[in-house]
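Across the two complexes that follow, chain A remains constant while its partner is chain B and subsequently chain C.
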Partner chain A sequence: MLLELSRISKSFGPVEVLSEVYLAVDAGEVCALVGDNGAGKSTLVKCIAGIHDINSGTIAVDGAPREIHDPRDAAALGIEVVYQDLALCDNLDVVENLFLGREKLHGVVLDDDAMEQLAAETLDSLAVRTLRDLRQNVASLSGGQRQTVAIAKAVLWNSRLVILDEPTAALGVAQTRQVLELIRRLADQGLAVLFISHNLNDVFAVADRIAALYLGRMAGVVNAADATQSQVVELITSGRSGAVGLPDPNGVQS
Partner chain B sequence: MSPDVSTQAPVEPATASAEPGPVKAVLDHLRGYLSKVRSGEVGALPAVAGIIALCVFFGLAEPVFLSVGNLANLFGQGAAVACIAMGLVFVLITNEIDLSAGFASGVAAAIMAVLLTEWGMPWPVGITAAIATGVLIGLTLGTLVVKVGIPSFVVTLAGFLAFQGLALIILDEGTNISIHNETVKAIAGENLERWQGWLLLAVTVGGYTALQVSRWRRRVRRGLSHEPLAVVTARIVALGGLLTATVFLLNLERSANPQLVSLTGVPIVVVLLGALFVLWSFVLRRTRFGRHLYAVGGNREAAIRAGVAVDRVRITAFVICSSMAAVGGIVAASRAASVDPNTGGSNVLLLSVGAAVIGGASLFGGKGSARAALLGGAVVAIINNGMGLMGLSAGVRFGVTGLVLLLAAGVDALSRGRGSFFGRH
Partner chain C sequence: MARPATEELRRRNRSALLDQLHRRGPQTRAELTEALGLNRSTIGALATDLSESGHIQETTGRSTGAAGRPSTLVECVPEAETVAAVEVRADRVRLALVGLGGTLLARAEVPLEPGADGPEAAELAARLLADTPAAETVAAVPGLVDAGVVAQSTELGWVDRDFRTDLERATGRSWRVADLATAAAVGERSRGDAHRSPNLLYLHGGRGVTAGMIADGRPRRGSSIMLGHVVVNPGGQKCRCGLHGCLEAEMGTFEQSATIEATTTAAWMGDTAAREVVHRSGGLLGRALGSVVTAATPDEVLFGGWLRELYLSSAAAVRSSLAEATLPQLRARLRLRTPALGSEGPLIGAAETGFEALIGEMR
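Presenting the complex of A and B:
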């Protein structure tokens, strides 16, 4: 397993947001992380990304337990996060955004040509056909194009696990389809993808496995091919569905 | 949500398209430029249009405006403001403001004058001390803004008052100190020999040509998108023509009485401005610091997440701004051959901010260039010079300059409303 979380707990003061959460994501697969508002999806992602420290539990990468205290620790392990707000600079062009903070230099001079070439190759390898001009400012791009730039920025660095926080939330139908295709291609190229979404249509369109969080606990992880939407909805809303899920708080077995 | 993605024809990203005919390539390039302008990325266009319109207007109203002597005059009058504006651009890009730059230039000039005239120090000491003063002021302002977290508007407004006082104290409650050092006076007072002007022209145009051609060839070789060769050639010819005409005009005799004293050649201050322009353009466009400066101004959060040393970049912007203010102070002192408590005072700061904004720097951050400072400085200098020649009162001149600044800021604000930046280059 590329990434393996076991018994992750995280509290903010007296509030336990995550409680003994487990999750595993392997290279080449898309794992969707679903859950209602407040289920702990974002907190879990921030724990993996090094923004929050976990209280207990282990994060293992390639089977070896790792300490992640800082976004740089995560980046060093090949973990990149694309946040919902994308964090792009509107006044910089596509290439400049892709390489921001990790510019290629030739002496003290920026090697813009090399960066542009590498950007073009990366976008090509992701079969991105929607970015016509790599030298246009990001401000002039559509929502789907911006999402594409943000995802390309995350995979440019030999990353191995890409975490996407609601990448399709603000997109229209055609652009959503393009971003989902891009996510699928990432996995097909051997990356692990953790995909957070509210939209079950998107989840079933692209995910291999679906992990449902319920009130800070992992309600269950199901194969997308075996599950139905209504089962996943039950996991999200009540934490259990048939034989899968958390034990009923009242002790009733179905 | 824009529909363009779904309707766009699939195009390979940035690969060299099959070579179209040269005419079509040039037309495509023009079309691309026009669509950029329409979407709000007007770049230097307003400033250039303004310069042309103002020159026509003042030339018709007051023919002496177009005389060679007045051309040389314009450079001298605008140089100090252009220097300060070049520094301000750095602070404006990071979405801050420096209201103290005017009096910072006054303090630097005062320290230089005291060292040169009262203590009899050699000129390198005086100039170094002035620039070091600028660095120190910038470090102080930057640290207060970035590390303490006081808004730059407040910090530099305090500086505006404090430096005014500091200049008074240094100048002993307001005496006027003359500068006798010939080297310092030459900065804004002397001209190059004719042959030096031509040599400099050859070096500049040759260097620009070499840079442009080598860049074009590199991009063709790597298969990156490139401009048509005709466009590159046209740009080189246009710049070469403009500079040649300038050097030719400045090399003409412009003395009122040539038998008595000859006055020819490119003013040294033009060379200084050109050198500073090349330096800061290089820093902004070709170095990692420059890239990070734009990123900090465009989206600070994104810059932080990308690992940019945001604090250091922001403080450095203030240091560059105050240092350039010091250079402006040296130029002003050299032109007046003296320093008094009003050096860098009065409307100098507002003219400098106005120059940067008129040239295309944004008061909302993320946008600006050394070129913007020069072009805007030219607009400001032309307005003041032309209205002075027309014999308009200082009151009218202040009013008109204020209106032009307001106009530029309005264009800036409106262009943001269209969801697009002007583009910074």
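Presenting the complex of A and C:
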């Protein structure tokens, strides 16, 4: 397993937001994380990303437990998080954004042409046809195109796990489709993808496995090929569906 | 007696080398040596031979690896061999001229009158083709195609149309005719993202819904799967084919091909009627697909044409009904994807069909 979380708990003051959460994501797969508003999805992402410290539990990468206290710790492990408010520089062009910070990481200095060619190849490998001019400032891009640049960056930087928190929330229907295809392509290229969404169509369109958080606990993880929409809805809304789910969903908040 | 054997071997090696370059793109001599399992001097002799015949050229490529030293790459000369691919759709005829190595050299498109017959479509193909030099000419047509005859095409409204003869009369050239969905499957497997799937099912949403299949790496030529006429609701809506409750009739395909964008957008914005249509169509598609998956056991399914939009907008419904209509063993490793080549798949695949024949004949 590329990423394995076990018994992760996180409290803000007296409020326990995550309780003994487990989750595993492997290379080459899209694992979707679903749950109602406030279930703890973003908090879990921030724990993996090093923005929040966990109170207990372990985060293992390639089977080895790791301490992640800082976003740089996560980056060093090959974990890239694409947030909704993307960290792109509006006054730089697409190529410059793709390479921003890369020199520091690898100590290689590339000339402009080489950067442009590498950027084009990366976008090509992801079958991105929506970014014609790589020399335009990202300020002029649509939401979907910005999302594309942020995701392509993860590939270019040789990330191994890409986490996307509600990447389609602010996009129109056509752009959502392109981003979904891109997410799927990332995993098909061998990356591990953790995809947070509360749109079940988006989830079923790309996920191999679906993990449902219910009030800060992992209600269940199901294979997308075996699941039906109503089972996943049940897991999200009641923490249980048939034989899958929390033993006592209503006792969670004890 | 020794000479013909050597000559035959040389031809085989020439064809293998060209095939490797055509499929995999520019490579170094060392990579070719490795890939073909021939020795260095043989590769050298073949490269010289093929350079002289104008099929390949050697260029100083970009720097490879961390060392950054430029290496000499062997690559195809696109103009050395060309294939003309034609796609016939309900409202247009498209042409792509593809060169060796898969380079697109030219493309053109003309509108097709609704209800046009075979000779009319062939006439447009002839006009697009004009005097373009092409070693092979291949047409992709949506429907049930067998040995050059379009047995049934919902999209074009043709029945038992000998389209190959129409094309040959109009152009004076010889033609291959492929079913559009099968051609797209070939394209996606050779130039798209589906190279890992020896058993590939390509679903095409046009005026009708058809499917093309690659089995054990080989296209099931000429025999597309009439997915649109899988009965999903016995005794339901009357279909154009005469049956009742076909997928096409139940989904209202004829409206959807024109309005899929409007319907899925309305659904996405929350319109309850549109959501119901999209959800129901997705569920029916999943059910029909379930039967095909059970019978044909593909590794991968691609949703092409407007089925791309429908799948991405109703995947929860598609997968839910697929889960209810197939065995766990058949669906566990089934990949559901959208085509990497988008709407270019059929033309690219038709051209690849031509190149396969062309390179095969060089042996």
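Convention: the second predicted complex is superposed on the first by the 240 of 254 C-alpha atoms of A that agree within 3 Å, B and C clash if a C-alpha of one lies under 4 Å from a C-alpha of the other, contacts with A are read in each partner's own complex, and residues count from 1 in each chain.
The rule is simple: a contact is a pair of C-beta atoms (placed from the backbone, for glycine too) under 8 Å apart; a residue touches a chain by one contact, two chains touch by 3 or more.
No experiment lies behind these values; they were computed from the predicted model shown.
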Once both complexes are superposed via chain A, do chain B and chain C end up clashing or fitting?
fit
Of the partners chain B and chain C, which touch A:Q145 in the superposed model: first, second, both, neither?
first
Should A:P71 be classified as contacting the first partner (chain B), the second (chain C), both, or neither?
first
Quick one: is A:R7 in contact with chain B, with chain C, with both, or with neither? Answer first, second, both or neither.
neither
After superposition on the shared chain, which partner residues are touched by A:A205: those of chain B (first), chain C (second), both, or neither?
second
Between chain B and chain C, whom does A:L134 touch in the aligned arrangement: first, second, both, or neither?
first
Tell me which partner A:Q229 touches in the superposition: chain B (first), chain C (second), both or neither.
second
With both complexes superposed on chain A, which partner does A:D188 reach: first (chain B), second (chain C), both or neither?
second
Which partner, chain B or chain C, touches more chain A residues
B
In the superposed arrangement, does A:C89 touch chain B (first), chain C (second), both or neither?
first
Look across chain B and chain C in the superposition and give the shortest C-alpha distance you find, in Å.
7
Go through chain A and flag every residue that touches chain B in one model and chain C in the other.
108, 117, 129
Note: in the complex, chain C contacts chain A through residues 62-63, 66, 193, 264-265, 268, 308-309, 311-320, 322-324, 328, 331-332, 334, 337-338, 340-342
Across the complex, what residues on chain B touch chain A?
1-6, 8, 10-15, 39, 41, 218-219, 222-225, 286-288, 291-292, 294-295, 297-299, 301-303, 305-308, 366-367, 419-421, 423-424
Contacting residues of chain A [partner chain C, same complex]:
108, 114, 117, 127, 129, 173, 176-177, 180-181, 184-185, 188, 200-206, 223-230, 232
Can you list the chain A residues touching chain B in their complex?
71-72, 83, 85, 87-92, 96, 100-103, 105, 108-110, 113, 116-117, 119-120, 123-124, 128-135, 137, 139-140, 142-145, 171-172, 174-175, 178
